[in-house]
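The two complexes that follow have chain A in common; it is paired with chain B in the first and with chain C in the second.
Let's look at the complex of A and B:
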């Protein structure tokens, strides 16, 4: 129900003689007052950058041209991206990174954690879930700092030491030896918590009678999970996958800090990081704002397409009408 | 719940085992950081010698490095301004969108969702150029405004949810007593959604406190540097053998986050489940 109708009804039923025009007018002024500062900040520092990104992507603006001496070059940047040999590699990297992290951690590990924490007594389950939120709240620089030490070569590296205890001899720096495994684990441990919380809530929402009935019929934990719990997690899983795809596509902070796209050339470079490097942190000191903006635009287009898709999935009307962004 | 069903039978050994196995490395991860901050070098998990020397940055400033107190002040100012700005702007805008007559309400709401789903961090290049044009590059104000704008759609959306749950009768009662909408909002509605405001504010503060990329790109100068940017620079310089001080600075930087998390964890879980990207 829209607020206008609600107000109309309330006014009718409680104050039949109240002047109908005056209050909406005044509340309109208030709405303006309340929305204007918000709209201004969002417009200048969110909407304008969006437009600016689009415009810049059509120019050759860079450190070399300065902000004054650039030229409009139409779609040349996009043509350059199409012909760029690294772009193909970076795109493949991106899909690999997003897909693997999503399946193994953001959905996979999240599901395992949600199920396991639901099987132990709630107090303990809550404790484990709290522990798994730690990587997410840890500032990225601190988090990656510890990972660097974990991965280091002997005698510093913790991973190598732990492997030594298991009788496996290893002297490599894992960030150089297995950069992808590390990058995926670093992002995955952070990403697992959101799915874990959503899945746990969904499990809690399953009517207890269903579980008890199945249990009375002789179902064990595993068949309870397989036949009752998992089917009901399909919808939340879809939500988590869609949402985290967007997050993973755009996030490059941990990769920047951990490997900076290396070791070597473009090894763990993903699209967002490639845009960042091209535009702001170029090896040759000539930061290419225009080309970087074009790369960012490509990413945004993928992101917008994905969000349109997922808005369709999650019924936009119920979302705008409904009370909050509760998953599923 | 699943657990309560299985409790009536035998303990879920498999689940316990699994949780212990996957959570142990995580616990070790943080134990290592704490240990390293008090140790004169670490070989894996073995502290070479315990010392408090790593913490000397707190009382005797290294002339080569920026003062840690200045960095902390910058970080605090950044996080506090971000939190205040986001709460102030989101609580008003969300109220308007939830309760007031706004032309094109559905359009506003769709913009909110699209911006929320929009990968804001991809705008860094344009943000960089824009702030330079506005003369706000490398200023606290500039990076604060950038951060607020990127996070605002999310907070407005969450707070709108809280407003939607407030019963309309509360407001009607206030209006019938002769108060205007502004007074009713301030006196009646805001106190009701206080839990939402606190959760949103705490979250915004923590998110600002931890932010790395925006200050790193938009305010990297010595005067505006935050702890995260400073630690980031140490991360690329420091030698493995000499990570004691870095670990201590990291623990110092992380301590407020952990404290807040420890006390307000249940509060935050709700917001995290709302789907936070970074």
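Let's look at the complex of A and C:
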């Protein structure tokens, strides 16, 4: 096939619809124009920080050097992370925290809440969902402070007082006795609300005829959920899981406020909190921005890897493709 | 079709023009806003002229609880004194002080200053710990003050050891604001209940000073207090619940060294650290006189528990007595029952120890009037002003003439603990001390929580320091 012929083919294929050819081009440019502000936002608030973080991670910039007195040290910060006795523990903590919170709360409890609130009259379901959103709109400091006083040792802690009424004698501070359970619950009870809303919307979008037909055919509530509702929640579940994984990987504020990574040796220290402690929080003053940036870069890489895994595992392209019936 | 296309083209061009106009407007607005911001900042710092008098606005930030408000208020009063001095000198400049005294965690306070300094918005004066002199001078955040201090009467009045705590590379970088003792506290009535005689109770501080009562004796007495039901389990002996200088007293009590005097490098003495960790393992894991979950306890719960006599021995700062009186209802009767002594040595025959952590005023490099800022601090470092801060907050005198102040002389606690300063160690002035501290505190947390044996924790700390600090630390 000669180049000339290829040009001819292209001309033939577009000429009969010359007007249609130009409109998509114009609308494409218009779409780009509309996207420009968002592209700028992504560039300024994601691409630039990632590039800056990457560059900072190659320096020894710290409080002691100031932003003007740093040296380029290549991959030295990454070598320090590899030689850091805390790094392995913190990484294990991160995977445990993200996985457990995701499965138990952000997807698991969210699904249970969505199903439960869909089975009751809408008025009550809506009220319950609204109430569940309260922790999300409560300031983090206030929310965690409430938890701290719930978990505190006698005579301050509400949990211990409640156990006392039940005849169970407990003197421990639950935040330190069961740190992971508390940290996961504190994050999970807030995080579950987003999945709950998305799953509820997806359940309401299921055609009522399908449910009625199945019911007429003798399906019980569990069968309806298992064979009709759950299969149609696969896409929302993927979205919630992917979104919340990235969100949990980067989140640390509730852990910072609740346990600050303790008690003891990095018990609840996760990677994002470790990066924060290294880069921005030091009791005696010399925060290490460069090393913290290297830790943050590792987190970005973990996030990218998690995203790719999700896309592959859940066959994202097929799920977001057009409806097969209409395409046929 | 043509009409449509033309109108479409017009629309398209219109969009581009509008977008370009919007971008230009945004750019202009940004530039104007930027200029405006810079202008207002200049305006705040530059002298404003009212008739012949020019007013210079200085900004200061200080940290502390309500009882430590004179850290800022003394600067306010000093502004009046300075203005009188300036008037006498015939100078037409007058100083006005802005800023605030904040009550927040130290790490947040320092973080706020560092970010402000990097953004070019640092105040003229900042109060912080003396250990910040090393990283902040290296970063260029603060300026040396020798030219403003040396030769002034106050230079000779302040105790020489305090000047050492702010001198680095032969330069004075800060002016001491206060100093404290960190005693071992106990309740005399509890020891009485345990069967101690009045004489034994009265002479306890002296026995600690002579090395006749050691850290091990503290633990065994704490265990007895628990066994007799005088204090609840896990509350025989408490340290502070959060990171801080107190923990280095134990390291010093076991013979540890923090800095090599000849090279200025940080030092980790493995044997001293091991003994310290073993002591805490015995307290929290073996004898159970300290809660394994103590580190991390909320400060308010800690203050309430110790001031309500629910803990046998506890380590705190002399300034915390003012907090207990002011916020937690410690009565005069309670004060008489409160005993305090040096922290006992780790081994018999050695004197007890304490640690001072002088807080200091620094002048930032971004101050447009460092001379006035330094003069303002020197005016605030007057015996009568500093004495009222010392009495209100239970800090110790920083200068000789302050000791003659009637209010200061009349304060029993301050007089009782004054001797402790002679046995005080200081934190090292080293840019990497913050990172050294993080590793050592993590190891201590692991030991107290029972996650690591003392030797394991020491090994991890050593590896961490070697990885992070490299040739900046000497491991012995």
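In this text, the second predicted complex is superposed on the first by the 252 of 328 C-alpha atoms of A that agree within 3 Å, B and C clash if a C-alpha of one lies under 4 Å from a C-alpha of the other, contacts with A are read in each partner's own complex, and residues count from 1 in each chain.
Assume contacts are C-beta pairs under 8 Å (C-beta built on N, C-alpha and C of every residue); 3 or more make two chains touch, one makes a residue touch a chain.
Please read these numbers as outputs of a predicted model, since none were measured by experiment.
Trainee: Would you check which partner chain A:110 touches, where first means chain B only, second means chain C only, and both and neither mean what they say?
Mentor: A:110 sits against neither chain B nor chain C.
Trainee: Tell me the contact category for A:63 with respect to chain B and chain C: first, second, both or neither.
Mentor: second
Trainee: Applying the document's definition of touch, where does A:30 land relative to chain B and chain C: first, second, both, or neither?
Mentor: both
Trainee: Given the touch rule stated above, what does A:251 touch, chain B (first), chain C (second), both, or neither?
Mentor: The first partner, chain B, only.
Trainee: Is A:118 touching the first partner chain B, the second partner chain C, both, or neither of them?
Mentor: first
Trainee: Based on the superposed arrangement, let me know which partner A:237 touches: chain B (first), chain C (second), both, or neither?
Mentor: A:237: touches no partner chain.
Trainee: Among the partners chain B and chain C, which is in contact with a greater number of residues of chain A?
Mentor: After superposition, B is the partner touching more of chain A.
Trainee: Applying the touch criterion given at the start, work out whether A:46 contacts chain B, chain C, both or neither, answering first, second, both or neither.
Mentor: first
Trainee: For A:130, using the defined touch cut-off, is the partner it touches chain B, chain C, both, or neither? Pick first, second, both or neither.
Mentor: first
Trainee: Classify the contacts of A:202 with the two partner chains as first (chain B alone), second (chain C alone), both, or neither.
Mentor: A:202 contacts neither chain B nor chain C.
Trainee: Can you give me the overlap between the chain B contact set and the chain C contact set on chain A?
Mentor: Touching chain B and chain C on chain A: residues 26, 30, 33, 67, 148, 152, 156, 280.
Trainee: Under the touch definition given earlier, write down the residues of chain A that touch chain C in their complex.
Mentor: Per the touch definition, chain A meets chain C at residues 19, 22, 26, 29-30, 33, 36, 62-69, 80, 83-86, 148, 152-153, 156, 171-173, 175-177, 259-260, 262-267, 277, 280-288, 291.
Trainee: Where on chain A is chain B touching in the complex?
Mentor: 2-4, 6-7, 10, 14-15, 24, 26-28, 30-31, 33-35, 37-39, 41-42, 44-46, 48-50, 52-53, 56, 61, 67, 109, 112-113, 115-122, 125, 128-142, 144-146, 148-150, 152, 154-158, 160-162, 189, 193-194, 197-198, 201, 203-204, 206, 208, 211-212, 215, 221, 224-225, 229, 243, 246-247, 249-253, 256-257, 272, 275-276, 279-280, 289, 292-293, 296, 299-300, 303-304, 307, 310-311, 316, 319-320, 322-327
Trainee: Can you name the residues of chain C that touch chain A in the complex?
Mentor: Going through chain C, the ones touching chain A are 1, 5, 8, 12, 15-16, 19, 106-108, 110-111, 114, 117-118, 128-129, 131-132, 134-136, 138-141, 232-233, 243-244, 292-293, 295-298, 301, 427, 431-435, 437-438, 441-443, 445-446, 448-452, 457, 460, 463-464, 467-468.
Trainee: Across the complex, what residues on chain B touch chain A?
Mentor: Interface residues on chain B, with respect to chain A: 1-9, 12, 14-16, 18-19, 22-23, 26-30, 32-33, 36, 42-46, 85, 88-90, 92-93, 95-102, 105-106, 108-110, 113-115, 117-130, 132-133, 145-146, 148-150, 152-153, 156-158, 160-162, 164-165, 168, 172, 176, 180-182, 206, 209-210, 212-213, 217, 228, 231-232, 235, 240-241, 243, 246-247, 250, 253-254, 257-258, 261, 265, 268-269, 272-278.
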